[in-house]
Structures are given as C-alpha cells and as structure tokens.
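Heads up: the structure comes next, in structure tokens.
As written, the chains take the letters A, B, C and D, and residue 1 is the first residue of each chain.
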Amino acid sequence: MTEGASKKKAATLLISCPDSKGLVAQVTGFIQRHGGNVLGLEQHVDSRDGVFFMRIEWDLDGFGVPTERLNEEFGAELGTPLQMDWRLHFSDEVPRMALFVSKQSHCLYDILARCQSGEWNVELPLIVSNHPNLEPVARNLGIDYHCIPIDRSNKREQEQKQIELLREKNIDFIVLARYMQIVSGEFIDEFPDRIINIHHSFLPAFPGARPYHSAHDRGVKIIGATSHYVTADLDAGPIIEQDVVHVSHSDSVRDLVRKGRDLEKVVLSRAIWLHLNRKLLVWRNRTVVFA
Amino acid sequence: MTEGASKKKAATLLISCPDSKGLVAQVTGFIQRHGGNVLGLEQHVDSRDGVFFMRIEWDLDGFGVPTERLNEEFGAELGTPLQMDWRLHFSDEVPRMALFVSKQSHCLYDILARCQSGEWNVELPLIVSNHPNLEPVARNLGIDYHCIPIDRSNKREQEQKQIELLREKNIDFIVLARYMQIVSGEFIDEFPDRIINIHHSFLPAFPGARPYHSAHDRGVKIIGATSHYVTADLDAGPIIEQDVVHVSHSDSVRDLVRKGRDLEKVVLSRAIWLHLNRKLLVWRNRTVVFA
Amino acid sequence: MTEGASKKKAATLLISCPDSKGLVAQVTGFIQRHGGNVLGLEQHVDSRDGVFFMRIEWDLDGFGVPTERLNEEFGAELGTPLQMDWRLHFSDEVPRMALFVSKQSHCLYDILARCQSGEWNVELPLIVSNHPNLEPVARNLGIDYHCIPIDRSNKREQEQKQIELLREKNIDFIVLARYMQIVSGEFIDEFPDRIINIHHSFLPAFPGARPYHSAHDRGVKIIGATSHYVTADLDAGPIIEQDVVHVSHSDSVRDLVRKGRDLEKVVLSRAIWLHLNRKLLVWRNRTVVFA
Amino acid sequence: MTEGASKKKAATLLISCPDSKGLVAQVTGFIQRHGGNVLGLEQHVDSRDGVFFMRIEWDLDGFGVPTERLNEEFGAELGTPLQMDWRLHFSDEVPRMALFVSKQSHCLYDILARCQSGEWNVELPLIVSNHPNLEPVARNLGIDYHCIPIDRSNKREQEQKQIELLREKNIDFIVLARYMQIVSGEFIDEFPDRIINIHHSFLPAFPGARPYHSAHDRGVKIIGATSHYVTADLDAGPIIEQDVVHVSHSDSVRDLVRKGRDLEKVVLSRAIWLHLNRKLLVWRNRTVVFA
C-alpha cells in the first residue's frame, strides 16, 4: 500500500474466481477505463484447484463510476460474466468489531490500546464475556460490557442473546480474545469468515485445552500461537497468522504461559489488522493473505 | 527458576569478582552450610577480562542466617575476602518503577496492562512527561502524572525537579518508554544502571533520531528495537535485549513505524522483566543476562 | 510462482519506469492480446520517487510473438513509449556464475552442494581465489580454479586477468563467497548489479573488517549477515537479503563466528536464488525483491 | 564454554540424580579439592519430577586425579552415594559418527562440509544407505559407503548387517540424515539416545510421511524441522532442536520442500553439534540442552 492510500478515498476489491487467461488485464482494464489510479495490486493462482485470487486498491479521485453504483457496475461488466466472488470496500467505511473475552486480560488490553490510540481504524461498541471480571476495564473506557454466563444448560438461549446484541450493534466481525468457550455451529453460521480466534499453540500441534501443558510434556523447543477464522471444526479453521518463540528445558509451564501471552497478543492483533485492512481471502480451509 | 521460587521467600545474589579457582564451590558451600536449598544457579566467566559472574537463588525456609544479617554475613565470609561486587535481593521486596513518556502511548499502555493485570511484581507510583498528552491515561488508573516540560533554557532546573520527585517517591529504577528526550549526565549519575531506555532500531545501526527513516533509506530487510541501560554516551549503553522483524521494499516508513511499535513494546517489556527479576549484571559496557 | 512454471518455457519481464495510470493494464493487456497466460505478477510503486516496478511471468505456450522478436516487440509497443527500463528472461536460459573465494570454505561448500544436487538451475564454470587453499575442493568436482594472488602492487593487473577470465567464460554474474578482498571501482563497473557479496554483520552495523569482534565488544544480543550487490561504496550497496540469530553474553567471538557461518551460508544462498530466479530489481541504492 | 576450553585437555561430567540440598556444592567441592578449574557449569532442577541435572567442565591441567582413575574416583566419592547417573568425557576423545542416508543429498553435503573443513571434532568412518545414489559423493571423499537395500522381507537380516558394520567401525552414534526408513525397535535398543533423526516438520505437528504436503493442505503460515533422538515411538522421541521459517499462500509444496531443506540441514547440524559437545541429557522423553 502506498502512503497516500489512507488519506484519500480508495476502493478495494477482493476477488476469487475460476482461473482463466487475461483476468488481471480485464480487472485492471476496468479500472483504467474509468480513470482510476491503482494503488496496490496482488494476485495469486491456486494451480491445484484452478482458482484465481486478486486484491486491487485504487484511488477514487476522478474515478468515473459513482461509489454507490460501483458494485453493480463491476458485477455487470466482469463479476457475473467471469463467475467471480467479490467484495468491494471503501476506505471511509469503519468496520465495527465486538470482543468476546473471559478472565484473561492481556489480549483485551492490547486491543483496547490500539483502539484508544487511533492505531486502528475500527469501532468497538461491544465487549461480551461469560465472566464479570474484566468489566471494570471496559467501563473505564466507556465501552458496553455484557456479562452473559454460559453453561451446558443455557448455551442455546445465551448464544441467542449474544446474536441479538451483535445485530443490534451492527457488528461486522467478532474477535474471540481468549474467550475460552466453544461457540456453536449455529452461532458460527451467522458470521461466516467473520469470527477471529487466537489459539495458544502452533496449530495443528496441541489443539484443544491446555496446550502449554502439552507442549511442556512433549518437550518442544518452540511454542507458538495461531490466529484463525472459526469454523465448526474446533481449532481447525483457516489460519490467518502464526508466530513462535524459542523455549528451553528451563521453562516451566508458568514460563511458557508468560512467553505465550506476548505471542498471543501480537499474533491476534496482526490478524485483526489484516482483517480490518481487507487483506484476507478464504478459500476452502485456507487463507490468501495479501499483506 | 523452579515454579516454587515465587511462592516462598527466597534470596537472590548477583555477584561479580576477579576469577579464581573454586568460586562456585565457595558460594554454594556457604549456602549449603547454612541449610539453604538452591533454586537456581548460573555462572559465567569473561575469560578475556578474567571476571567471574554468578546469579544464585535459594529458598530461605530453614536458612540459618536471618535475612537482616545476611548481607553482612556473606560479605564477611566471602564478599570482602574475594573482592566481590554483590547485590542481595529478597523475593518479597517489590521494586518501585517510574515511567518517563512523551506523546506516543504504545509502550505506556503495554506496561500499564502488565502492572494492572498483576503480570509483574512492581509498584508504579509515578509517570513523568514533557507533554500533557498522556495524562488522561494515567489519571484513569489513579497514577500520579507530572508534566515537566523541558526545553534548552530550563533543562537543568526541570531535571532537578524530576530527581526530587523520584527521591520523594522512593523510586528504584526508571523506564524511558519512548521519552524522546536526552537526559543529562548529571541525571544519569543519580541512577547508574537503573535507567532503561528503548531505542527504535537495531543498535548500533541507526542511533539518534528518526531511525525508521534511515532504515527505509538504507533499504534494510530487517528492522529492530534495542533496550539498554542509559549512559552518558547517547544510544551506546549496555544492551539488555534486542529483537527484529523482517520488512520488505513494500513497507513505507509508516509501515516500519507500525511494525516497529510492536517490537518496541515487547523488547522494552522483556528488558523490564529481566531487571525486575534480578537477572541482569552490567560489566563495563555489556550485560550478563541470566534469563 | 505456480508449480507448472518451471516445466514449460516461460518468459519473465522485470520493469521499472516513471509511475503513471494504467501501467498494469497495459502490460497485462500486451500479454493477453498475444495469447499469453500470466503465471505470476507482482508490482510495486515507490510513491516517494514516483517509480513503478513490475515482475510478470507468463507461459509462452501458444504465445503469438516469437521469442526472438519478443524484446523488440515489447519495446516498440510499450517499453520505449512508457520510458521503461526492462529486462526480458526466458526460463530455458541457464545463468553462468563465477565464485570468488579466499580461505574459508563454508559458503563455497554450500553453493557447490546446491549446484551438484541440481537444486539450482545454474552453470558454475569458474572459481577464482587469491589463495590456493580451496583448489582441491574445486578439482574434486572438475571445476576450473584460478589462483590469482592480489597485493597492493599488482591489484590492477590481477583484476585485469580476472576480467579476461570472466569474459572468456561468458560469466553472467559473480558471487563473492567470503572473498575477503576489496574489488576496485573499475572491476565493479564491468558488472553493475551483477556482483553479489555476503557481509558477516547486520549492515549498516559493523561494516568493514572483523565485525564479529566489534559485535562482541558492543555486547549485541543478535548478530546478522547481509547479502548485497557490490558498489564502489564498501559494504554500502543495495541489500538483497538479511537474517539474524540471537546470541548471549556466553558466546565468545569464536562462538559468534560459528553461529555466523550458518547465517552467512543461508543468507548468501537465498540472495543467489533470488538473482537466479530473476526476482530482483535495483533502484538507486535499494532492491525490490519480488520473492 | 570459555575460549580456552578447547585448547587444553578438559573433562566434562553430565549428571542426573534425585534432587537434594547441596548437590552443586558437593560436585564443585570435589573438583576444587582436587585442584581443578571450572570452565563451565550449568544446572537444572526438574521440580515436578524432583530430578537434578548438571553439566560441569573443568581444566585437567594440574588436576589431582589421573584421568584413568577419575570415573571410579568420582563414583566412589559422589556418584554412587548420591544415586547419580553420570557420564564422563574428555576433550581429546574424538566421537565416531555413522551417517544413514537415502536419496536426498542436502543434509549429507552439509555434514560432509563440516567434517571436511574441520568445523567439527568428529570421525566419520561410515555411510550407510538403502540406495546407491549418493555413493559417488562418499567415494569422492574416501568415506566407506555401504548400500544395504531394505524391504519388508529382508529387514531383519539387513539391520543385522548394519549393526555388525557399526560395531566393526566402533561407531559411537548414528545420524539419520533423511534416511526415509523406519528403524526397528531392536536396532534402536542397540543405540539408546545415540541415534539422531531429522524430521521435516515442526513436531508434534505432521508426524509420519509427507509432512510438507500436509502443511500445505492445512494452510499453516510457518513450517518447521525437528531433530530428535530416535525411540521406538515413530517421530515421538526426545526433541533436541527445532526451528521454523515463515511461509505464505504463495508457496507451493515444491516451495515448502525448498525452504524446508535449508531448515532441515541447519537443525540437524545444530543437534549433532550439541551431541558432539556433550551438551545433551535425556530424561524420560525430554532433553536438557546445556547450550
């Protein structure tokens, strides 16, 4: 992305479609024809599945198609004839994020700091938790905190409450910031590719609960964290971002937890940044990351 | 460190002295003789300068020398005869930290989150700044924030005010969390090896101001951050911790700043953790880090 | 690069030119018009200098312009009118590399292994050295080894001999694999952006001789290696690739040398791979790496 | 390790035993009493299992116990009374290594280069393979290469042949340098904690065959390599060393293989270096690495 990109109004198209000759030429031709200036372009071909992916961002200053008609126009000229899936975003839209937390605060603090300082271009109108513990943190900053305790007996109704809240607040995407609860398939279906989780291991190693204990038992020399979109398969959704840190025999489980916290924070925040900046496409169970 | 170390009262000795035969045997013998149980031991010999370094931590439960006489007793038995420099710490002492900030908030937020959540065992009674901008952040958490603007004409008096405040609050060590001011030699002399700075480059590359601009101009493929103790030589004090992140031609200066922020936060916080946990020794212009 | 790219005959264009609207559309349009199938495309705009960079690779199967006329045709249609600097490569050309070595063998062995095993698509007809030490290694593999000792008095003539050899063998590019000699400006002018060096530090930290000693003295916690194109400014040419490894107070200079060797090998070999695969563009003193 | 350590004759003790008070004092006291000068000392307590580990290295110059009686003497004074498992090594012993390879050459070349250049203090009298492919590489360097093809029907006899060869050549430890064969429990029992394998994934993720294909399918953003001691449980032995490299959606399986090769080489060679330098202890299924 060039530096100017965030200052003027820009459009971003995320495209996936069956691969064929000349796709880049056709999309860039569309933009050129209407007088747009390309600010960034990435493309990728999955040659195994024969799928084409593209992200293109252009300056709308002097662009010949009005923003309100752009989606329709692109669809008519290219999207529909070329069997594209596409998403169109404008740089002046501010995404609305909800946070789901439990008792641990490190990811929450990290995200709040980025929102407060203006590092991210995002609205955060809602924090949901199954515990009251972190309410004071949210209150301090004037953010709505809803404690919705969940157990086996009430999961269905409580998730329904959550969904209503999310709709009411016009939430675009959800971040499970160490939420420590398995969300149901029904819930996930409401927000496909729009729920981001952080798992405290280098997936697919150590899925499920207590990964730091498992890592310690196995005697690994590296621990990791993984941010992924949530799917019905626990800890098996499309991976957005991963990172690792070296550890040694002298690290107790407590040390792994301490080192892992810093990893979880940064990996989750990088994933959110990628989502916010429209740099992610999902294909089957994998992501294309145009970072 | 074993997991039990933080639960019971423990003592930590940090020793440096001229190298000679049998030093480990003598120090561990002292502890064994008085009934102490060693929880952790690291040693290092700088063979060029002939200097011996040691960190030893032991459980005080059942230890034969009362804590209030331990320093004197160790000095008489070993410290003085073996020409040691040593520092004795007890696990129930809580260090008192002051933060110096300017306008950027990312390191401040990261440190506050660790203090608030109980991740660190530290008191934070004082934040000093040359700008009022971050006062609301401090106020929210009930921490004293003193805005002491500094320019060329008033530097001497204003630093004197800072020193008085630091004494009044019994501050043990100072963290320059992106303070963006050069502190004077007189100030530094008051807190030798007790002022921790974060520099936003991989020192010794790009000392001084605007290191991200310099890094961009030079076309490096990796940027870094460096935490060090402050000495009279600007950006040349003993390095505590460094880390890096890969960048590319597609990263603008603004992208380097963004990626660098996450690096600065974590590198500074790791350095503070090492200092808080008495894992650092300084010898000439280098550190021995018993992590 | 898609997997098929290396199997069929493909063309790669590396372009830089003044930025303007529609460049991607025009280049991809050229390829589409002649029936080419794009295998990979990357572009970058240096918004400060207003320069556009592009790498595009396409399948020549069924392409309407014969390879022997492609350069001319592209120049006439786009290259000249748009003031482009461009280089055209075909996947069936095998670049010819010369190695310059001194006494240390680790980079040499690493490169030879990659050539021998077929990992790289390259010819290696010539090794030059200022010392006879590594001649047996070359002889074993049937590669010409020329020992051309250089001292202050004979530098000019000896470099002239080297240049003649390089021409005679039709060498495309030169790798200084720990050559430990400063090459003259005259020599460099013969091979602009075609001499790759490996420097054993994280440049711009520790340029010049004995960087591991300097790193040890400074007490850094990370050491690095840097591969760059050679320019008349010592250790200041465009950086191709860098990497680092963590070290500690317990690492002697000898340990830094040992850890650094593994870094030098891999960083140099990655840079050679990028050069071989036409993934590098140089602009002023920086590289654009389309990896 | 101090720099002098490798120049003079030194002894290294690797100890594990039930934890109790005063163990460091007793071991260092033993060395001091006999006039030894400690060159390096590391210790670790596994507080969960109550086990103490120690590595201590000392200069034998002027040491009061002759080397041929040292093992016995240490056993009588400390080893037996304190229920220690211990191993005693002298710096002038040169370990004898056998390599097992299959068709891929990258690890073999890397190891040979280190042996040839004198980087490692090791004898390499024997290379074993189930394929003839790499015989020329071994022959060139005058190393015995035995091709012992293995299939289901002959595994028992062929492994017996291997064992005889290994005994005949007085082999101390075996390195499976991408051997691509599962060795039997009987074979492993002959060389407990003395067979080092390299697995081409970040274990425990992707054990078994074709880990790069599995990594690509799962869409991970990081791939790894793991070196471990071989046990009867496939890919589940004590981990010695691991490292990783970042990858992206644009990396095909072929790219993962290419990037992974460099990782495999360096991770395996680091593990061998640790083994050669007596820096490894095994406890249950984990290693203590005194690096």
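Structure notes:
Criterion: a residue touches a chain if its C-beta (ideal position, glycine included) is under 8 Å from a C-beta of that chain, and two chains touch if they have at least 3 such contacts.
A quick note: this is a predicted structure, and the numbers were derived from the prediction, not measured.
With chains reduced to the mean position of their C-alpha atoms, the one farthest from chain D is A. Of the two chain pairs examined here, A-D and A-C, it is A-D that is joined by more C-beta pairs in contact. Per-chain CA centroids place chain A at a distance of 37 Å from chain C. For the pair chain A and chain D, the distance between C-alpha centroids works out to 42 Å. Each of the following residues of chain B touches two or more other chains: 2-3, 47, 250, 252.
Interface residues of chain C facing chain D in the complex, by the touch rule stated above, are 1-3, 105-106, 109-110, 112-113, 116-117, 119, 137, 140, 250, 252-255, 258, 261-262, 266, 269. Residues of chain C touching chain A in their complex: 2-4, 21-26, 28-29, 31-32, 35-43, 45, 47, 246.
Only residues 44, 47, 202-206, 218-222, 224, 238-244, 248-250, 252, 285-289 of chain B touch chain C when the two sit together in their complex.
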